[in-house]
Amino acid sequence: MIHEQLKIISKQLIAKDTVEMTFRGRMAQEKILPGQFLHLLVGEGTNHMLRRPISIAGVDRQASTITIIFKLLGEGTNTLAKAAPGDQLDALGPCGQGYPVDDLQLEKALLVGGGIGVPPLYYLAQCLKRKGVHVTMVAGFQNKAQVFYENQFRLLGNYYLATDDGSAGEKGFVTDIINAEKLDFDQYFTCGPTGMLKAVSTQLSNQEGFISIEQRMGCGIGACFACVVPAPDSANGYKKICKDGPVFRAKEVVLT
Amino acid sequence: MIHEQLKIISKQLIAKDTVEMTFRGRMAQEKILPGQFLHLLVGEGTNHMLRRPISIAGVDRQASTITIIFKLLGEGTNTLAKAAPGDQLDALGPCGQGYPVDDLQLEKALLVGGGIGVPPLYYLAQCLKRKGVHVTMVAGFQNKAQVFYENQFRLLGNYYLATDDGSAGEKGFVTDIINAEKLDFDQYFTCGPTGMLKAVSTQLSNQEGFISIEQRMGCGIGACFACVVPAPDSANGYKKICKDGPVFRAKEVVLT
Amino acid sequence: MNLAVQLPGLTMKNPILPASGCFGFGKEYAELYDLNLLGAITIKAATGTARYGNATPRVAETDAGMLNAIGLQNPGVNQIMEQELPFLANYDTPIMANVAGSTIEEYVEVAQKISRHPVIKAIELNISCPNVKEGGVQFGTDPALAQTVTAAVKEVSTVPVYVKLSPNVTDITAIASAAEAGGADGLSLINTLTGMQINLANRRPLLANKIGGLSGPAVKPVAIRMVYQVRQVTDLPIIGMGGVRTAEDVLEFLLAGASAVAVGTANFQHPFVCPEIIQQLPAVLEKYGFANAVEAIGKGHEHANTHLSRT
Amino acid sequence: MNLAVQLPGLTMKNPILPASGCFGFGKEYAELYDLNLLGAITIKAATGTARYGNATPRVAETDAGMLNAIGLQNPGVNQIMEQELPFLANYDTPIMANVAGSTIEEYVEVAQKISRHPVIKAIELNISCPNVKEGGVQFGTDPALAQTVTAAVKEVSTVPVYVKLSPNVTDITAIASAAEAGGADGLSLINTLTGMQINLANRRPLLANKIGGLSGPAVKPVAIRMVYQVRQVTDLPIIGMGGVRTAEDVLEFLLAGASAVAVGTANFQHPFVCPEIIQQLPAVLEKYGFANAVEAIGKGHEHANTHLSRT
């Protein structure tokens, strides 16, 4: 993990309230696993005492760029979105533990993402594909206006889309698609709202899988104990999401 | 007094840490007396809960512009200075009571300004000159680097300059110049740090004069009682600087 | 959307009122907008005789807040009644008089007089001003005294009495309960937290009074906590305040248990903040699922256990 | 410039130390910079046995501050001594152990054990954690209890004891004096102010624990006021904290009477804030006319009357 002023080189709205931002910086030369995140300083002065964690959605080592995708939710993300190409953002990263792509032994991967849980899975899909793994992506969004990266995912493997209101893809949840399509895979990888993570990991409880969890963070580096999650089989009984996660083996932690 | 988003049309550094900023807005069409001030919102969000009072240093009704000059002192003025032409500043103004130019009966005026007390006197000098009054300006600054508007004042009348270190004009204080030059005038008008106001009004205690006072302000409109100054002969025993001032007859208030 | 709320003495078109000391006696803001837009108005503290208040500087800016040490400057109750209140009779917005004093007798005198003025619809008993040596803060930190002064004022007041609580106490609920025992018709909280800023250049406290009262968004979490805690120990209506500057902040106070919400410091940053909040409140209430203002009051407690950590 | 300050047990190269709970046991920040740069380090609270702490969410952002309700999560004193302290032995920076408990016995047990570890140079007795039902906050709000627990810990500790005071009290000087009477070697203030944030969307307090501790720049004026007041009633050295994020803030605390200054929340905003402050401190001290750090301590009192308004 390093601390760097990342220079914004592009910014665009890719779906309703959804911003894709690309930075240039030497951080792109670090070893970065999908699922790892940036911990971003917001604004100036004392308005925002806490950084914002945003997953890394893409890395281009050659161009030395890192891409993130974030949803405009509150004051922090709205302030981030005001920064323009040429501006610098103060970032800590890559933070936490990502999906252990190098160590994985598998042929077919199922990726299940909901909303702002989709971005890290795009970088994961790229890494898996590079490894020769066959990727199936199931993406869930609230509605059509929220959908992003459909084409990008389709280039990497199978792609299924669900929206809550049926305005794009199937009407329903990602779990409905997994059910209906009887998807075949060795391991699954999921990221999204806690409700979805619970549903997916329950549905797939017989399979090996990884989940990525969100929690409100203080330090983002493991020092403040803000972001713990119960991990009954671990030495201490808990894991820190910012440092030991956000990616965990599905059975390692207890979603609350 | 009105509330307006004033559009910045120019900004320049005119001396060390001293910014001249010109706005366009309909406020310029209001009746504005020299000595009145703008109460300016600083920054966004909750970083600055208090506005900053800055004197009006010039008005051009035809061009519909208002000019201010301010010194970079702390966070507020530094944030103000970051705004660029095209940006808008949230202003209340014109606030308070200025020098009663219209009602004055005089032929020769002595203006005595120190540091950031100089700007309102420039607008005053213009108004007086327009009225046919002969203007003598005595300006005091810390040192040469701080001096501004020397040429502008010279175009309006006599001009004397003092600096604390003698790096421009005479070495010493404005009171030394008043002493040495035996300046002849009907009324005096002074604005600057409290120490200077005290020295000048003591030195000229036999003459009629007006002073303009600074004080830390809350509301800037007379509602919060933050900015009172004792005025023993008044009905309540005090005046509010933001509303009854900042300009007072020299003998009306007690400088503390 | 119906924003009206009804509190003892105060029939309010909407739950928004300026906080005492931040709005003078209304005249200055009346030049900016129509005071009839407001739900109510709290006027500056009145004492028995005129007070000059503290030396200047009296205010300082802090991160997301400010300090003030005005020191209860006011022209005294008689002059307020003669010179300031007649102007407010031009509006149909209910006026709440903030009453301060150094002794029980002074509180009683002021309350007795001012409550009889026809524009005054309620009294806010200020037992919490931190900025004067004898300004009543001891009444706000000692439950027994709080009860005594409340009872004494209740006895003479012809209008409902809201007791304004100081946050500078170990247990806010004890003072709230004492005020209730004294017969308060409502509670008003919070007044300012005591704080200080030191001027690095001259090495002394920046305020002439040294200590001042901290207000503004910085204190909002403390205010929300206290309104929430007080809501759990009494059914008295609460006027909540501390750091409000948006319609969202107002909703947060309503959820915490306030029936009306006062706006202080934010008036200085944005002089039109009260009418702007009133304008935005319907959309915010609707966004979060409320059909009117009354519905939101106390709704932050429905998921709560009754047991709270003692703090 | 000489930044060194000398406090009981703590020989500090400079007056800056991270505040307890904001720096873990040092390991994470050690990956970012050399801990030898720091004047001292306060480690996370230790209790008798491991505690899991509160449910999540445990933090929330507020204007110029944050709320936390970690709830004293820690692996227990034995494991801290075995697993965490050896790493800190690699540095020549003095370590202060923050000691918490639910009972006097627990405080005594933890202090007795941890004070005997060679890296521990002082104890910070945490009688002020607002975030646990039985976390010792009653010891921090009742002067008699404060004195008792201080005396009990002093009896067993082999290193100097700093008592960490809660700001959630009516009279901070009473608790400070009680700690002094109990034999404290120094005082540490302030801990967090209790506060709450309500989540508008789900209508419940955002923190799982409902109430949390407010920290960050928002509380600095309260902290400065308390350090200043406590400085006037005792000669014990004070470790000041609350909202520090710049070298100017550090000077403000020194002027108020602190001999060393702790930095908490600001570490989250700027992980390098401590070494950056240390780097900037000489220029700031010089700008305001000081030749070293010690000279500035308490200098905000020289112009002050001795009489302060009671608050």
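By letter and in written order, the chains are A, B, C and D; residue numbering begins at 1 in each of them.
The rule is short, and it goes like this: a residue touches a chain if its C-beta (ideal position, glycine included) is under 8 Å from a C-beta of that chain, and two chains touch if they have at least 3 such contacts.
These are the chains along with the protein names UniProt gives them: A, B = Dihydroorotate dehydrogenase B (NAD(+)), electron transfer subunit; C, D = Dihydroorotate dehydrogenase.
For clarity, every value in this text was computed on a predicted model and none was experimentally measured.
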{"item": "Farthest chain relative to chain B (centres taken as mean CA coordinates)", "value": "A"}
{"item": "Interface with the most contact pairs, given as the two chains involved", "value": "C-D"}
{"item": "Rounded Å distance between chain C (Dihydroorotate dehydrogenase) and chain D (Dihydroorotate dehydrogenase), as computed from the means of their C-alpha atoms", "value": "33"}
{"item": "Approximate Å spacing (C-alpha centroids) for the pair chain B, chain D (Dihydroorotate dehydrogenase)", "value": "46"}
{"item": "Whole-Å separation of chain centres (CA-atom averages), chain A against chain D (Dihydroorotate dehydrogenase)", "value": "36"}
{"item": "Residues of chain A touching at least two other chains", "value": "45-47"}
{"item": "Contacts with two or more other chains, residues of chain C (Dihydroorotate dehydrogenase) listed in rising order", "value": "63-65, 216-218"}
{"item": "Complex contact set, residues of chain A against chain D (Dihydroorotate dehydrogenase)", "value": "1, 3, 41, 46-51, 76, 92, 215-230, 236-238, 243, 256"}
{"item": "Sites on chain C (Dihydroorotate dehydrogenase) touched by chain D (Dihydroorotate dehydrogenase) in the complex", "value": "62-65, 67, 130-133, 137-138, 141, 168-170, 193-198, 200-205, 209-212, 214, 216-222, 224-225, 228, 243, 248, 251-252, 255-256, 288, 299-300, 302-304, 308-311"}
{"item": "Residues of chain B touching chain A in the complex", "value": "43-47, 75"}
{"item": "Touching residues (chain side chain C (Dihydroorotate dehydrogenase), partner chain B) in the complex", "value": "21-24, 27-29, 31-32, 44, 50, 52-53, 55-61, 63-66, 68, 70, 73, 75, 216-218, 245, 265-272"}
